[in-house]
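Heads up, there are several structures right after this.
Same chain, two partners: chain A is paired with chain B first, then with chain C.
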Partner chain A sequence: MSRLFTACRLLFAQPRLGGREKLGVLVALVTLALLIVTPFAASEYRLAQLRDALLLALLAISLDYLWGRAHTLVLGHALFFGLGAYGMAIATMKLGLSTGAGIVLGIALASALATISGYFLLFAGVRLHFFAVMTMAMSLIANQVAVSWSSVTGGDVGILGIPPIEFTLLGLRYSTAGDLESYYGALAVATMVLAVMWAACRGPYGKILEAVGTNENRARSLGFNTSLHLLLAFALAAALAALAGALFASASGVVAPDLLGVIVSTEVLIWVAIGGRGSLIGPVIATLIVTQASHSISSFSTSLWPLILGALFLLVVFALPDGLASLLRKVPEFLARRRGSAS
Partner chain B sequence: MSGTVVVLLNALTLISILALVAIGLAVIFGMMDVMNLAHGEFVTIGAYTLAFVQTLREAVAPGAGYWLALVLAPFVGAAFGLLIEWLVIRRLYHRPLDTILATFGVSLILQKAIELTFGALPQIVVAPVDGMVGVLGAEYPAYRILIIVVAAAVIGGTLAVFRYTRFGVDLRAVIQNRAVAEALGIDSKRLTRIAFAGGAGLASLAGVLVAPLASVEAHLGVFYMGKAFFVVIIGGIGSVIGSVAGSALVGSAETLLSYRLDPSLASALVLALAIVLVRLRPRGLIPGYSSAHELLGKA
Partner chain C sequence: MSARARLFEIDGAAKRFGGIAAIDGVSFSVAENELVCVIGPNGAGKSTLLNVMSGTLPPDAGTLRFRGESILGQPPHAFARRGIVRKFQGANVFPWMTVRESLEVAGLGVALASGRPPPAVDTVLATIKLGHQANRMGSMCSHGQRQWLEVGMTLMSRPRLLLLDEPTAGMTAIGTAEMAELVLALAGEMAVVVIEHDMSFVRRLACRTVVMHQGRLIADGSFETVSQDPRVRDAYLGRA
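And now, the complex of A and B:
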């Protein structure tokens, strides 16, 4: 037990705050402050959109953990999000359990599927584009199953009327039925998850994942069980995605097969890619901005958004491989060079 | 007896379509480590070529239009393939994960562009032959027999090109070892471009063949592409025979399971089978020697 504790202390040791991290923390704190005061300025409708975006940001964090740190791209990440959502819906509406049990069921389903499929694929040496495509295939088929297995999943319509989360803590009753409560609840969860993931990944553990992702052979020869590390990361990311899905299902009250499908997977990819892989806060901010943009654009033309999405993929690949976060670094460098040459 | 024949022919129909779609993917992957997520759109383009030719009712009768489209579609698909290769993929050969993202973007744009051009409603296409024919004592739709015959001829032709022509030898050389092939004077960039266009053409041909059986919509190709990826992974990267073997396995498993189970559950089981097979035979049923294997850490 004490050895495990020591191992964890070494693995998650916190280094001193570096220069770039300071900038990231500053950006995160400013964003948090803005989000805390938003309810005083925004309409109820906007607030609900922002709450959904905050829950989707959890999904972006989980993909960024896999893709940005371990360099393991998952094209069907919505699979785990959707499993979490369906876990919540089935537990509360079909089995008559509490929302807490719904979260547990969703997370258990997603991490079990990730562990089993990840065992076969990752330990067989399936990596990179192969792995990405296999996860995409899994999400496509899960979508089909959700449509056709209507006795459990409600078919095309999905499941309606999922209750909000309610619990009593220290004598205080909390319920996400109210708009304001559910918004602040989502904000609190997103902030906590972001802080925990950031703290976990900034130390030696993040370095190990980075090593496994960038040069697996070298990491293996240094004695790391690389497949096991990837499998753990995959299962953890799936669990986090499922948590996001379960909370999302409870907040919006409905689940539908779309939640498992290509569209959600595509959007989460673009959030992470635009926000900047591996920066955690970048994808969160990108999620907030891009979802709001997509709502505004879709409100006057529904066919425009997929075109923009496709163009954004090409833009990210060709012009901004490290996302908008790299602009934060590049623009000051560029300005400094201008100033240097002028003087 | 006749029931067995029908099952067998159903499986053969699916196998022939899958193999046509998968060959292009497998060869491109073997040559350049590029996984083209826009490959399914070539199937869609083929199906829409047929729909478009058949809308020109004044000029050609629908039956004749079908044959015209069958000849035309591979060229239309190949032209789109060349365009995509030239605009996007050739710039990304050394960045495999980025290729996935870029081709994903291309696929989204193509799907939406097709939907905007032709409208969201399914297109109407007609088969050139209808009615049933007797095969070994069983009655079977004539059009499906046509699919099997055309696909078998084209796949046989592709295999022959790979096996017996200079071009095929060069292609296999690039798949086995690109650096050495280039050192021997093979222009691998040109070959890749031709192979890419050829694969796109085959997928478009599959699109024409499948169109009268399916609902011709902008998302048509996604379904076949997802399956073609299992086929390539099960069958072996960079191998034409592997693609055919993989299609045979996936197609027959899926057809047989669909008789007993819900079709989507059947595809879920086939996927599970694919995942387990990857663990047992990581290089595929019939491996084509590919640099991709080094990339995956199993040289």
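And now, the complex of A and C:
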């Protein structure tokens, strides 16, 4: 027990806030404040879109943890999002269980699949693009299963009528049936997950993931069981993606095979790349901006949006390869240079 | 071999890459706190020997024992947790971490497994003389600084057997002399095996020297003794 305590103390020790981190926290707090007041200005339709975007931001956080922190690219991350969503749908609509059981089932399915597949892949030394392609293949297989196994998954149509989350806490009844409750619930979960992941990754644990991801041989020869670290990160990211999927299914009331597919996997990659890998807050903001832009532009031209998204992605790759979050470093550096040259 | 307790033993180790025997029936042992240099011409099998000793490469044949216990087949992280820690050939550090962060992380691998906190970073920074570069990124350090940093990272793991693969490669004469001083100081606290090409460095260490040639161990003794050995001279200079 004391060894576990020592390990946690060593892993999650909190260093002092650095200058760039303070700026990041400020950006996160301003974003949170804007999101808190948004319901006073936004329509119900726009609020529902933002709620979905917040739940998709959870998916982006989970991918950023894996890709940005552990440097492990996955091309089929929607697999776990979809499993969470189908777990919720099957538990509530097929098995007659509660939404709480649906969340647990979704997370259990996704983390079990990630643990089993990850064990065989990571402990066999499968890394980099080989690992990424394997996850894409798993996602395609899951998509096909969801289409074909219609007695359980509802086939192409999916499962409709998934109930909202309802519970009573401290005598207060909470239900996501209302737009406002649903929105603030999504905002609370996204904020909590972001805060916990940021606190966990900003100290030694984040550095270990970086060491394992960037120089595995060196890390292994220093006593790190690198395959185990990557497996735990993969399973945790899968669980987090499944949580996002389960909440998304309950919020939207429907699941379909698309949720497991390549398009969602690609979109989340783009959000993380645009936001800035490894920054956590960057992908959240990018998800919110890109999904809202997608809705606005698609409302007058559905064919225009994919072109704009592709152009935006290329622009970021060429102009800001470390994503929007790198502006937190570049803007102060630019201002300091200008002040230096002016004086 | 001194009368001190045996720390590490390698017996009949062989490793082949296709048709080439990189090491072939190598046997020797290292005692507690002993300093051993492994020398030999290019392609003699020195780095493969170090890879086998650190668990990076499993041998095709032979046995490995640490404090009398077989460690054959264990993964590299298990070797490190037992105290067998290596420095790679060329500077192998974490490029996107500062010197201080690299040392902090380096200490955690063994500390998490043992529950024993790692050494103080500032002490190791002073040992490797990089205190003034503590906030410099690994990728921004000079080659010599990265060599020192990697040695520092190994020290953060509290090694019992430190394996150094060419620790002075690319270093200045002053840096080489300082590294010799450090290695001699460390040898009082832990066993050290050094693979080196720089004969002036090996002479300065004046320790037991093992000579390899074409995957085999051809001489084992003091530096003065092995340097007079005709087989060693033949290996380095070729037969007239």
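For the reader, a short list of remarks on this structure follows.
Everything below uses one rule, namely that the second predicted complex is superposed on the first by the 335 of 343 C-alpha atoms of A that agree within 3 Å, B and C clash if a C-alpha of one lies under 4 Å from a C-alpha of the other, contacts with A are read in each partner's own complex, and residues count from 1 in each chain.
Everything that follows uses one rule, which is that a residue touches a chain if its C-beta (ideal position, glycine included) is under 8 Å from a C-beta of that chain, and two chains touch if they have at least 3 such contacts.
Since we're looking at a predicted model, the values are computed, not measured.
When the two structures are aligned on the shared chain, A:130 is found in touch with chain B, with no touch to chain C. In the superposed pair of complexes, A:223 makes contact with chain C only, with no contact to chain B. Residue contacts after overlaying the shared chain place A:148 against chain B, while chain C stays out of touching range. Contact with neither chain B nor chain C is seen for A:96 once the two complexes are overlaid on the shared chain. By the touch criterion defined above, A:303 reaches chain B but does not reach chain C.
More chain A residues lie in contact with B than with the other chain of the pair chain B and chain C.
Of the two partner chains, neither chain B nor chain C is touched by A:161. With both structures placed on the common chain, the touch criterion links A:207 to chain C but leaves chain B unconnected. Contact with neither chain B nor chain C is seen for A:19 once the two complexes are overlaid on the shared chain.
In the superposition on chain A, the residues of chain A contacting both chain B and chain C are 217. Taken in their complex, chain A has these residues touching chain C: 2-3, 6-7, 10-11, 204, 207-208, 210-211, 214-215, 217-226. The touching residues of chain C, counted against chain A in their complex, run 54, 56, 75-77, 79-81, 85-86, 88, 92-97, 101, 104-106, 108-113, 115, 117, 153-154, 156-157. Considering their complex, residues 33, 35, 37, 88, 91-92, 95-102, 104-109, 111-113, 115-116, 222-223, 226, 229-230, 233, 262-265, 267-268, 271, 274-276, 278-279, 282, 295-298 of chain B touch chain A. Contact residues of chain A toward chain B in the complex are 71, 73, 75, 117, 120-121, 123-130, 132-134, 136-138, 140-142, 144-145, 147-149, 216-217, 262, 266, 269, 273, 303, 306-307, 309-314, 316-318, 321.
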